[in-house]
């Protein structure tokens, strides 16, 4: 859009319909964000194949509807994370093609199929980590990734994990989701040569300190090739995985 | 080896030299580690194109020499991180082709040129972050990556960073190294569509709490596509970057 | 009153109705608070052009009404922060000219227009930071400042901020409100030569630790000219900004 | 410069010397930093009347000399903080007009008298806080402020402070430097209508946790009009005070 | 009972009904608790003039009634702290002479007037600290102390405190109750030569971290003669004050 | 099942119905978990005499019923911890022989009497620690241990503990459950030569920081022979005690 | 002096040498500190029977000598805490009657015997706590208290403590000094009816976090009648004990 | 001695040289510690088969020699932990049969062979954890345990651990020593049915926060049967293991 607007100005100038001074003034008053967007063309592709994302928690239903309606004007691909069923029920009255995943608490509109960007394995330590894992999984699906789920393979029963290692290693990026002591990230990191994105979760109690124990464990992982995102940040892991895939596969 | 031993048992069974019950008992007592090693063949390649790495800090010079001598028997590519000049001076008496980078505090032996694996940009907020950045840079160089350095482009003078954004975006993976408030990771994350690996450093004083402030900032980055490693862990960032590159480029 | 009482003693002494020893003893037992108040005249002006402020959270509606009624006897300018709609509904039954801003959660009575004290820009990283920003904005408005709002210009999309820098720099004091990693304070600090007041917010989750991450980031800002107030303390930022403006403009 | 370059392109287009497609391509490749620098002209003045500042701690003497020599080519006013006597002894061999304050640990070159910018009071709780206070005082002196020192007036003997309140209130900005429980900031804040910049120090032991106790106390100050900087950050307080003064007095 | 049992053994020995060896063996197996109880007679008086205290929070109404009924069989003086109105309403159906202070959230039965033990001043920084102060005040009243209240004399308006210093110093023990930055303990400590018991409260928000800021401030008090109890522990302060008074006045 | 499948392959090989190569290929593709299970036979006994355990908190009633129904197919002994009365009411509609202990919040099915494994003493500091102690006690009972309870013998009245020491020492393992300052673990540790398992509880307020104070105290115990589990982890203490008993008594 | 000046004004007024208006104006401008000093007469006694105290740590030998020399002009009783042997060696060259206790690291001048103020028991958990205990003991001795030492009676061997309880209870105030888990304060608190001052020490390692574990334990003491001072603050405990004794015994 | 004194009283009573009342009074005043020691016979066996242990760190060589010389008078088995080579060199001049292990930093005298108490496996994650492991190993050896060492089998290369699982499971108690993320404790806990004692170490940097990360991970272990001791507390793990073994095997 901006490029078109810029080109129109340049064409009018070229065609003599516009004087140089007027063109300067127009460019000057052209909102900076426009120049900004033009400038940002180099990383435009990122925005292009990334959905617009709304963090719904703490926003009113009114606000969320307004934001979604605005976004649908410019994007075919919209994600809303941390959305309740009540939010979904209200939003779909206005946007009938919106979909909702209650476990992942993710709302999404996906009007044009995203091109396939690659394959991500998502591994969780326990069943309580699944909502965070599903936030990652649903987001990745919307972004065009194939997701393989390996849930409840925590290190207390290491054979459950070992039995699935070959399958996990089929993926190009591995997301490990674990609360409590977060040891799974290190163990998976030692069993793969793929990049590992570790997501600590707030699953646990007492000295888990709402995910701090898992977070510290993952940051201190003795395995190499592990990057960490914020506690319970399933979307963040998905975004990093998709960024990696798009950089090389997109 | 294990496979051979297993096959021998099966052949004996097939040939009637062994009864089913005996075969069962033999398989039962077959050492686990053997099957384990066979199993691990699938991720063996990871180790193959990664250097062996020695964390030198806290080890005596004697121990480091011994470890390096052992490693040279099986690997052409060895890294020693957090090594002092004194360690280098002693080790090179025995391993004359060992090299040392005093800023990065990295020792390395590189007897066969690593195949090129891709391009990494390393960005630092200040000059005090350079040793951590160089640990990443030297390790990446040994692993076969081309490294572009963008040092001292912290957010207090945002124009320094903006002036280099196009160049930074040439890389396939971006490592951001920053202490104090660690804001650079978020800003770079917002200006690129490449995966960002954030390394908090212990640069700062007072309420930086030895890197905690930068670590928390990076984990809470409002930009997406950012993974975080441990404080001052230049090697860890290099390993993650190389893992990504090798997965897609190797 | 104190001055009168003091003068009476002195007059009696002067008139010979009182001996020196008795005067000494009287002055000795003159309640300290009286001299104290006289002494405090020097900073009385501070209180004079500041509104009386009531922190409503944790107070009963009864208590708040009583306090407001008492304050209206001596002041034309009263602020109540962290007030709910229910508080407002009850208080306005008794004080019909009280006003309420539901986003800022601020109650106020403003019976005499405050003299203009200057111009403050309030900048937020995200939309979730707006309630804290509005607490500052509404309080500043009551205190007589002109407020310009620059909301949702966080560093993940730095062009949004850069597009507004010139406007922001029109202000004499800049308040930056940000949660999550709080990087905006450093970036704004680097783009202005005006004093910056940084307000960390509890916006975020996980390793934001209820605003600790943003707080630490702001305290470690690599930009100079930045002072920090408590987490979510919009009023505190307003008070500091107004103090600066009144010192020089009042 | 950029504007000229932009105008030249537009003129060529207008004159038919350039096709629209070529103009688009030229605008696309116009280096960002150029627009960036143009943009930044507006805040250039900030840098103009501030000294260049070097944080010497953790830099080698070689590095410091190099940086100072480079800076003297473009600035008459240079500060080096956290500098040891040894650094000074070495640097003055090359830069003979450099001066050093051993208590403040500040190096400075001041080749043109800074214009007077106003009056700052610096108040400390104890004698152990003096080095941090002097870092602020010396830096402010170089920046052109008149500094009044009120040292060792901590709250354990409140009369020491009360006796000086009138003098302290003569200043336009007050810097309060305190370790241990940091109560002085609140008490001073309650006795003045001037902006207060609070500097927690690491003075103390045990549960002072290297300044954390004072930092938290200052952030929670029940007095209004108080902004906080990092622990032991005397320079930071000076920079904020000078920024305020220059905004209104400069 | 134990004494009797011991005496019986000694009498049997004296009367020749028991041999020395048997007596030794009997004494050896004499249950420890018996001697223990005898031993504890010396500090029995402590319990005698202290009320029995029940921490009601987290106990069911059933449990509280049962405990109170049991205690009334052996004590004329019973305190219940952290009790809700609902608890009181239920308990008084069974124990008609029980009293309740809703601000202090203290239940008490006081069937025999406690002898006067002395005079305690209770000082609070703000009105929000009053419930904790009243917990101390009501408990002290039941224990026989005269209590003078000095509420809302925080350091932000130091004249409010200074005006009351002489009155405060009439007490033999001073309890200071303050949240936020907790500076009041240091200031009072510097203005008195009486023992000061500091009670941090959880009043505040953000970086008060639920009373941690006030707690650390009080532990680091630059004034001497200050002892600290747990956050919000009004009863604990009362118990320490009463212990001091009874040691010297009881 | 796996063993049967393995044996079938071996029998076919032995009977000539299968060639060696085919057998190798079959074993190769035999799911790892199958070999894993065979391998895990060595520690199978652990699982055999341990109940299956379900952490109910955070799971829906639906999920808990499903899990319990599945588990009853393979185990006679099932524990559900942190279960509410509502969960019990729902589950027993489907599993009529399920039992519930409301204090311990433990659900259990115990269809075959566990063999006696030994004797455990459980000691608590206060009555508020009893729910955690009962979680341990009920779990141990289901696992076959005899449990002796010594509740409310905290160190503030040391004679209560001393009176019971001989009885406590009859046990083979001692579990100490304490909140607040957690001193009981050290005192019991000094009075016994049996292994002590310390369970910090979140009982307390203010600076107990939800059990952190007790946890740190127990980790720093000056008595030897003390191992610590997570805050409020009654089940964990029971599991460790049972593991010790079964290792030596089972 | 102030009183004289005040009296002079009053006499002049009385004698007719001064008009009332002039007297008012004179009193108005009478420096606050003067009235302040008069006002402070009421708490002067506190300072009178307390030694002047110098915290030597972090001060140069020059500074310490100067301070001691100044103090000897106005006080017969001076304490210097945290003083090294080197400080003592230097100071006694100038002040020949200065004494030094190397364990307590306390310097003192005691030129007039302090009147006896009472009896304090000091109890330590281990031998490593003795330096902190001796700081308290030596300071109390200089202040005029009789001190009984009960060292190395920690709770791991509770009999050591129980054996001394009667003796400990002879004191009027009990100071408990303990590191590691700090349990001794609670146990002593439960065995006495005297006020207990708890001093956490930094003795320990790992999760003692430099005394934090003991500090938290003492603040959460389940025994009543316990006040806490800063980690390693032997002087603080002595000052509080002496304040209590002087209030009632002085 | 006490027993003798007690017997003398009983004999005098028996012989009629003492009246019952006098005997009662004598026993009453008999120092508690005497009865205490008699009483402690019941747990004496603990002390009997445990070595006396001296924590050498922070003690002077003089003190250590004195303590060792005293201990050798009453015990054949003495341990000194955290002892330097210099301590050993000095002590052996006086106690020629003292031995020293420089890796474990343990001094010991073992004059009578301890009876065998059982078998302990010690497992470490890395080579840097070996000193802590050896502290445990050497202490256990002196206490009579057979120790099997499994060093450097951390989870980053899980096959190293899996290969040794059967051997590890031969032990009756397993000690797991790990720093960094401490994941090894959970993995071992899941692979064994033996009690696991987890020792976090301070090995690591940055966000390991001196062992806090490993400590939290171990406390949150998803495997059951795991007890945790303090950071770097090799001796503590040995003492708990020996306590378990002696309870069942001794």
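Letters are used for the chains, namely A, B, C, D, E, F, G and H, taken in the order the chains are written, and counting of residues starts over at 1 for each.
In this section, a residue touches a chain if its C-beta (ideal position, glycine included) is under 8 Å from a C-beta of that chain, and two chains touch if they have at least 3 such contacts.
Remember, predicted model here, so these are calculated numbers, not experimental data.
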Name whichever of G-H, A-H or A-D reuses the B-F interface, so over half of the contact pairs are the same residue numbers. A-D
Between subunit E and subunit G, tell me the centre distance in angstrom, where each centre is the average of that chain's C-alpha atoms. 25
Just how far, in Å, is the C-alpha centre of subunit F from the one of subunit E? 39
Once you find the CA centre of subunit C and the CA centre of subunit F, what distance in Å lies between them? 55
For subunit G, write out the residues touching at least two other chains, lowest number first. 32, 39, 162, 165-166, 191, 206-208, 212, 215, 219-220, 224, 230-231
Show me, using the given definition of touch, all chain pairs that touch one another. A-B, A-C, A-D, A-F, A-H, B-C, B-D, B-F, B-H, C-D, C-E, C-G, D-E, D-G, E-F, E-G, E-H, F-G, F-H, G-H
Subunit G residues within the subunit E interface of the complex: 39, 42-43, 45-47, 50, 53, 162, 165-166, 169, 172-173, 191-195, 197, 215, 219-220, 224-231, 235-236, 239-240, 242-244, 246-249
Residue numbers of subunit D touching subunit E in their complex, please. 125-126, 154-158, 162, 180-183, 185-187, 189-191, 204, 206-209, 212-214, 216-224
Touching residues (chain side subunit H, partner subunit G) in the complex: 31-34, 36-37, 39-40, 55, 57-59, 63, 200, 202, 210-212, 215, 230-233
Would you mind writing out the residues of subunit E in touch with subunit C in their complex? 127-128, 159-160, 162-166, 203, 205-208
Touching residues of subunit E toward subunit H in the complex: what are they? 3, 6-7, 10-11, 13-14, 16, 18-20, 23-24, 27-28, 32, 35, 39
